[in-house]
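In what follows, a structure is listed as structure tokens, so that the remarks can point back to it.
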């Protein structure tokens, strides 16, 4: 029994038309389907029928929910027991409640948003993408041909959530969902950032400190490191999207990254690099106090640290 | 008085509609204008209103003409005298005979094709691109924004012509048009390839041996080395265009290149790398006999050498 | 219970002094220790005290043994039972029989070499590298600083063994050691190549057809795709090492690779790229007959296929 | 008659031993010769016997002199006349006054430092590098093999001098030495930065505003864009050298750059990218006021602008 991978994320989009235009025309996502105010998308390297959901919202931005895939359908029942035993509520979504999906388990957890935003979900069954013939690749191990319109966004990677109780969230997701702690940032004795994964990638989920729970960003992987710089060319002069920071490299996770703000206001990361963890007894890496500047920016723009309250970046910077 | 740079090249296209689709949709060229069966294009990094002309033809492929820009209009008269004095005919094109151009000087030369194909031209005056507002870049030293549709072809670079009399062509273009010899390939005492330039790039023109005069290829530059590999992704699965060879690196010119065949059958090179020559007394490099394999392919696919007659690649390989 | 990762490989080296010079000076490996005619090395990105063993040999080249790490020490006993039950012998190595290692399980299997070369091993306990202070990195999640002498070889990745019974080896390693089949090449109905992994990387081990069992190659990963081309610069003009093929890209595994022959004659791959498999229900990819050329070379040098017997590449090409 | 290229630069080094160690071990320069307290170096892609001179100094850092090569020896006499006519003094260096050099012309000019630091020099004759056999490359158009020790610094590119009279320096070097203005930064009507070249590269020399004349930096080119990031790995953990800014991209010149401080305190740029200017009638690019942030940093760390006096970066930041 195990969580296998991050499956999809749902972004709340007050300006869903502009967001759709941006994700398809500038970032090179493909639309899979639409249903009930949501638009379901995937990148050319995503095997599932969708990995990104844009959901129309009144004014809120952020994460609707993030869905992790488990190794077998019966794992869902066991995880439900564990979650309930940990003191948090769960609820079932019927098969098809999200298109192409089997039954899914939604849950509360220590990082839950009071209004049930940025929920977590577990699911096993998910339809694979049906790729039109003209989008298929002769490269048989690739779900479809490289999309050469806009940025060649490849595949879903991870998400980063801001919570006031980083340590509590981390311990809960280790204990209940079997995530492995990979790296941490500790400032004046307090765990202010934490990166966890169920696979050899450094994280599928991170929690970083903010007094108000909110999405920090979602992240997709690029095929080549060099594409990060092509992305700059594209987005700087595109009608939609605004560079937030980078290209740069985090010390934590070793990710080469570029953040930009999509038209609805959500922060979106394109990244490459990082490292893989194969050691069955990985000793988590902790970055302390004066190591934090390099933990945040191994090279590139330096972050002010400690951040004064009013400079702490919002999950979605105003444009 | 000097030739300043390569200005534009004209390709003969039996299937001009497919070629146009390929150059705009797959290679990311912009259409500038159309006139008399010709379509005028430029890449995002070309400052002139066009650098590539596609001209409808019955069945022939190859080079219509290649146009070099001189430093001043009066240079044209001096070059005319020199060309005539060297025993070759010239003829004038009226201003506007090619759109946006001033008067132009066409010439015969030792590599002239019997039916006046692959002519050479000299010109001074050429209109700059009028870039629509939505295609402009905030990068003021860039003629327009990076084109993110298909391959990000950047700017015109050089052409390579096959002739039976390499040495004669080389000496003529050195003596009459002031080109500088940069590199040569000599096989069994015979000059079988020669690369010349008027600027620090290694060549704007090359002549390589073939018993039948014909275009070998024209070449455009890419912004980043890494884009060569993105180009493979795009072209391998595109509806038009066929990889011919590469990515690879020539020893001669140090070019990192990729050749493909456009839908009409002309060989087109995308490249990056190479080196610049700043030395006012450059000593030409000569590659002899057993050095030729590395001269042709420093890494990547090896060329058979010496080529048996029936394996010598045609300028435009059949598809 | 599971095999966690590839731990180390042992190469037989008739010219061990030249091989050592090559691995340390040209490829940037660090020497960890020496014992009984073996030299233990690691790359800058390897966490274990060694990942590559060079063992002096009279005239044979190839694989001594390949060692996989399991998730817990007790897994060794369970795997022993399974292996014996499958009809193959096992034997135990005492703790410390290889420096820094706990008890280890050696085994016969369908691809065993008659003279006990290229053995497989399972082990749990392995010492981490003790990195001298001047080789440490401020990047805390990196075992030591990037080695800037020669090629920046990063970390062990996989090995490829040639056997006459590809299908039998594949089924055995799936059934007994829990490897997952990721990709296959099938020619005229026969499985002639097979790639398997225990982690999301496409393979830690591959079997490809040859009538005589032998090592094909071992492979280390590079940090950046672009380093593949720097490697060419280094090795082409280095006193030791000879390019075998590449840079190029396999269709199978999507690996961007470069093979060269180290001074003793073993084939060594440096690679980057590839893709990761997160799907718990991965459907293995099979490349059939006329798809094989692109399976072997998505771009770059084409392999002749089907290979005539005398052109089939030896594991270690003569220099 | 023309200035052909930048030939060499001389850096003043209070800690010459550490600087030498840094340039050879970390940056991969080769020592050519030593004479009178100066050490003469070249990078693997420099054809001349040296391009960088380290000169021992008491406590001053900065530029000793910068030497430009002219197209013919007699050009020196003509330039002398012009310089004197412009109201500035000249003086001759005897052949051999700098090793391997013919007669050389030193000059005062509007940016001259009161104590004759950062002088300009013109020279024609300069010895080519004598490359030991083991450092030669099979790549015949490369002066020597790629140096794989430390950073693969390729070839000299340009220098940037800070002066209080940017506009005056620019007009003088245009008028007297025939440099071409390529780009300018104008703030509140005052020219505060100016980039000029004699070849298609955007600049061999730049002048930027500072009330106290001083060297800003000298710059060498890298073979590959991707090497900028390898340089970070190397320098961040090297015993000498300190990252100053980057990797990043200027809007002006489009250079992808990384600045670091060498042990004596001089600012040193490694760069790649940029663009080439082939147009004989290039219209200089001017960046005004609110365009300046992107002119300075197209992507990467943003510079504060306008700079408050005490934040204006010194040519050589204290370590």
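In this document, chain identifiers A, B, C and D correspond to the written order of the chains, with residue numbering beginning at 1 in each.
One rule holds in what follows: contacts are C-beta pairs under 8 Å (C-beta built on N, C-alpha and C of every residue); 3 or more make two chains touch, one makes a residue touch a chain.
Model, not experiment: these values are computed from the prediction.
*Asks:* Strictly by the touch rule at the top, which chains does subunit A share as contacts with subunit D?
*Replies:* Of all the chains present, those in contact with both subunit A and subunit D are B, C.
*Asks:* Which pair wins on C-beta contacts, C-D or B-D?
*Replies:* Pair with the higher count of C-beta contacts: B-D.
*Asks:* What's the distance between the Cα centroids of subunit C and subunit D, rounded to whole Å?
*Replies:* So the centroids are 46 Å from each other.
*Asks:* Can you compute the centre-to-centre distance for subunit B and subunit D, using the mean CA position of each chain? Integer Å is fine.
*Replies:* 33
*Asks:* At least two other chains touched by the same residue of subunit C: list those residues.
*Replies:* Only 138-139, 223-226, 229, 236, 298 qualify.
*Asks:* For subunit B, which residues are in contact with subunit A within the complex?
*Replies:* For subunit B paired with subunit A, touching residues are 26, 134, 136-139, 145-146, 148-152, 223-227, 229-230, 233-234, 236-239.
*Asks:* If you look only at subunit D, which of its residues touch subunit B in the complex?
*Replies:* 4-6, 45, 47, 69-72, 138-142, 183, 199-202, 223-226, 251-254, 273, 275-276, 278-280, 285-287, 291, 294-295, 298
*Asks:* In their shared complex, at which residues does subunit C touch subunit B?
*Replies:* Within the complex, subunit C contacts subunit B at residues 225-226, 229, 232, 236, 243, 246-249, 256, 298-302.
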